[in-house]
Amino acid sequence: MKKEVIMAKDIEFVVKQIADTVLKNEAYFSELDGVCGDGDFGYSLARGFEKVLAEWDNMDHSTPGNFLKKVAQVIMSAVGGVSGTIWGTMFLRVGVKLGNKTEITREDAIELLHVAIDAIKQRGSCDLGDKTYLDALIPTVDALEKAFAEGKDTAEALEIAAKVAAESAEATRSLVAKKGRAAYTGERSIGTLDAGSVAVAKIFEDLAIAWKEN
Amino acid sequence: MKKEVIMAKDIEFVVKQIADTVLKNEAYFSELDGVCGDGDFGYSLARGFEKVLAEWDNMDHSTPGNFLKKVAQVIMSAVGGVSGTIWGTMFLRVGVKLGNKTEITREDAIELLHVAIDAIKQRGSCDLGDKTYLDALIPTVDALEKAFAEGKDTAEALEIAAKVAAESAEATRSLVAKKGRAAYTGERSIGTLDAGSVAVAKIFEDLAIAWKEN
Amino acid sequence: MKKFCNDPKNYVPDMLKGIALANQDKLKYIPDYNLIMRADIPQPNKVSIMQGSGSGHEPAHVMIVGKGMLDAACPGNVFAAPPPDYVYQTTKLIAGPMGVLHLLNNYTGDTMSFDTGRELAEAEGIEVRTVVINDDVAVKDSTYTVGRRGVAGNFFVIKAVGAASERGATLEELEKLGNRVVSVTRTFGVALTGCTPPAKGTPIFTLEEDEMEMGIGIHGEPGRKRVKIQPADKIIDEVFAIVADDLPYKAGDEVALMINGMGGTPISELYILYGHAHELAEKRGLKIKRHYVGEYCTSLEMAGFSLTLVKLDPELEDLLAAPAEAAIHIF
Amino acid sequence: MKKFCNDPKNYVPDMLKGIALANQDKLKYIPDYNLIMRADIPQPNKVSIMQGSGSGHEPAHVMIVGKGMLDAACPGNVFAAPPPDYVYQTTKLIAGPMGVLHLLNNYTGDTMSFDTGRELAEAEGIEVRTVVINDDVAVKDSTYTVGRRGVAGNFFVIKAVGAASERGATLEELEKLGNRVVSVTRTFGVALTGCTPPAKGTPIFTLEEDEMEMGIGIHGEPGRKRVKIQPADKIIDEVFAIVADDLPYKAGDEVALMINGMGGTPISELYILYGHAHELAEKRGLKIKRHYVGEYCTSLEMAGFSLTLVKLDPELEDLLAAPAEAAIHIF
């Protein structure tokens, strides 16, 4: 695996990118959630990341770990529903895992992504195939890991991961929702996209482009 | 004026004709009332005459006067709103006026129609130009009287009256409603037909045809 | 037409049956006259109070029959005043030695039916007095002889005379009291949608996606003007001024403030409207002693609201606060 | 979107402001956590009771805070469970020596937020117990691990534990009582229309002019099946059987029967539905001891209703009959 060290500013850059993607897609994400869910997904996430951006300058930027823990707090205080807890827990646990580190390797990055995946699994008591974030996130992280292992540079690896994310999100159409509100529609959820998975795909897509330009 | 005597059975025939017209036009009359009123005119009248027909055989048929008083009672017990009282009062007063008569002349008929007009005027404290029944009924009765005076036979006179009724109803478009619910819309009632006047027109139109066929 | 009903012609009787079944211990239902009355009426020491009106305004009036409120209601079909005969028969059934008070909202149809019904009852020696409610400031009194309509403000008249009658007030006192409440009550209504009388099957009027109607009555009659939809606070700015300027209500006045839903507007929106109305009332120096947010006088499923102000005095405030019962209840 | 609101993002705070202004003597409002709480809480001899849930279900839950009901409600945005932090902060603010009871409707989002909020509160030594309400028989329990939803039946849980807490019941007793009420409560909902969350601006789902949705939840989630619209009595035939067969409710059982409006259905229709449900209950030999017709747990302006049956015992009946107060009121 190529040595390429990710810095504090890169972590912050990623969070800002996520915020941009979420805000840009507010209406689209809500619309997706409306088909079999309750139509608040885009709105909820947007209000959370809006607040993250609003409090950005007042946040603790001493270490990536402290920064992410603060992001988690802001989200937990602003976002309700499944998303508030899921995203809050993800950022919190990744922040805790980072500890005082200020430089992280690409191996570290993959490990942190697995922390995020485990957070979703545990908090949401869900797994691959339940038609949640995981159905996009797990294949995407796998692809990223593989790309790193094959020696691709980060920009290139992200591009590959983004493609997998998009495909995986699209593939959620074939799944029956087993968790969250969409689960109540049972078989009728077949044929619809999972909002959370599409969000994962959009985030990686935008991130790949931004990373290249950066 | 030609001598042509109207009999008990003719009075009953007229009431039946009115009932037919009202039932046939239920939806249309309600629609007209819905433009500036509350959309119940056709429904209210229809429920009343439906009940008149349902109780027809049990009614007092001894004299036209007793018969019309019974019709009045049925309507007053079945129809609410302006129409219930107006139609009830009309039939009641005409019935009272008839007394024990069993044969009535054409002069009597005109007099009875004036009793009806006065009943509306008094009960509704309204007059020509207020956009009520009167705006069709008064010119129509005038035309009928004139036709009788000119020696036309009843069928012919009714045909002339029906034409005037239709024109008068159409002419209510230019009036501002000053009475009833439509009055609340003020100037906005200009351009719309008065439901009550259209009912008068339809009744005379159907009556003229039926009289000829009879 | 999307309604939970059976044969639309049975809309009113089916509803009345529901009310009667739910309240068998307290109410009597006489289908012949659409009559819902208290089972313990007439009483020797109490004037009996009734209101007619068309149906479609529920809870007014069939669901607010109860101790301290109406003693009877005999509605007509949806949006049609009761037939004169209902008024007459109901008056007879509830008449006690202290007489009967007729309350009616000022509409031509109701007035005609009640006049006729009253005449018939009086001919049998029943003493009847009438209070005509006309709180709707949307109708400009001077322009048409029909006068102002009676709308959601009727709740306050009913509540006040209902309480006073339980305390033994005479027919004459109740008539006076009723007229006094009317004289200090003002209402204005706004609609976002029309409504569909069941028997008609189609909406009485329709509004575009971005339109609202200002000054509606409670029968789906179109209102004063049709304008582009505005933010809630802007709407309240206009409506509150129209209502408050009418009496007018002045700094230092003690008032009751009502935001009444028209049937299709959720209570969350009513509280959004209430919040700003409350602010404006305080800004004008009015002291809000009682507040009412919910559905009191509706137009079927119409999305809309009306705002009512009542100027209080200690007696009126006390009557409004007195205990009362009705078919509608929360707990 | 036809709604009385200002910036849709302020839908919830604007509504809460209205509730707070209307009830300054009895309620406290803390905007930071969408928190509406009784001003006289915590108390030394009373467990404090709170419920979260998303907004858009009013009067549940912010308008049923009051003596004998909830001590606090901290809703999220429309149809979104409250953020975990609201749950935590609210729990801290209302905690007295007897602890805090969390009530929540069984939805993933609510469960997650309350779990997290409870963990944080317990870490500070506050004793918390949780009752999860899941009365919706539309969801087939076995199929999905998420389990049944909590819908309008939550009113009975709140009313019962609220009354018991006023009488000094311990946290453990309340938890038991709450679960007991849940175990005898069943609900099923039907919609004629979808509803439009203000921030979304378009309906969550739309139904054709002749369609209805059977088995809806309270968040505009589509239901069990979409069918042609039926006469009211036919709908009740089906819904009543689904609900009554579920526990099942048997001849001789004493019950409470609720017809709950979803926000856009007028109370006239609710009584039409009630009437036939009452007939069917009697036919089955159920004794209706208490009835509830009105809006208890809504989905914004959705046209629809739900039917709830609760099997009563003398203790539960007594708790339901106990006096209570709430922001929503009639008189």
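Letters A, B, C and D mark the chains in the order given here, with residues in each chain numbered from 1 onward.
One rule holds for everything that comes next: a residue touches a chain if its C-beta (ideal position, glycine included) is under 8 Å from a C-beta of that chain, and two chains touch if they have at least 3 such contacts.
Fair warning: this is a prediction, and the values are worked out from it, not measured in the lab.
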Joint neighbours of chain D and chain C, given as chain labels: none
Rounded to the nearest whole Å, what is the centre-to-centre distance of chain A and chain C, using the mean of the C-alpha atoms as each centre? 55
Provide the C-alpha centroid distance between chain B and chain C, rounded to the nearest whole angstrom. 33
Distance between the centres, which are taken as Cα means, of chain B and chain A, whole angstrom: 75
By the touch rule stated above, which residues of chain B touch at least two different other chains? none
Sequence positions of chain D contacting 2 or more other chains: none
Classify the inter-chain contact topology: is it line, ring, star, complete, or other? line
What's the complete list of touching chain pairs for this entry? A-D, B-C, C-D
Please give the residue numbers of chain D that touch chain C in the complex, ascending. 2-7, 11, 14-22, 55-56, 58-59, 63, 159, 192-193, 207, 209, 212, 229, 231-233, 235, 263-276, 278-279, 291, 293-295, 298, 300-301, 303, 305, 320-321, 323-324, 326, 328-331
Contact footprint of chain B on chain C as seen in their complex: 9, 54, 76-86, 107-109, 112-113, 115-116, 138-139, 143-146, 149, 197, 199-200, 202, 204-205, 217, 219-223
Would you tell me which residues of chain B are touching chain C in their complex? 27, 30-31, 34-40, 43-44, 47, 73, 75-86, 88-89, 123-125, 178-186, 188
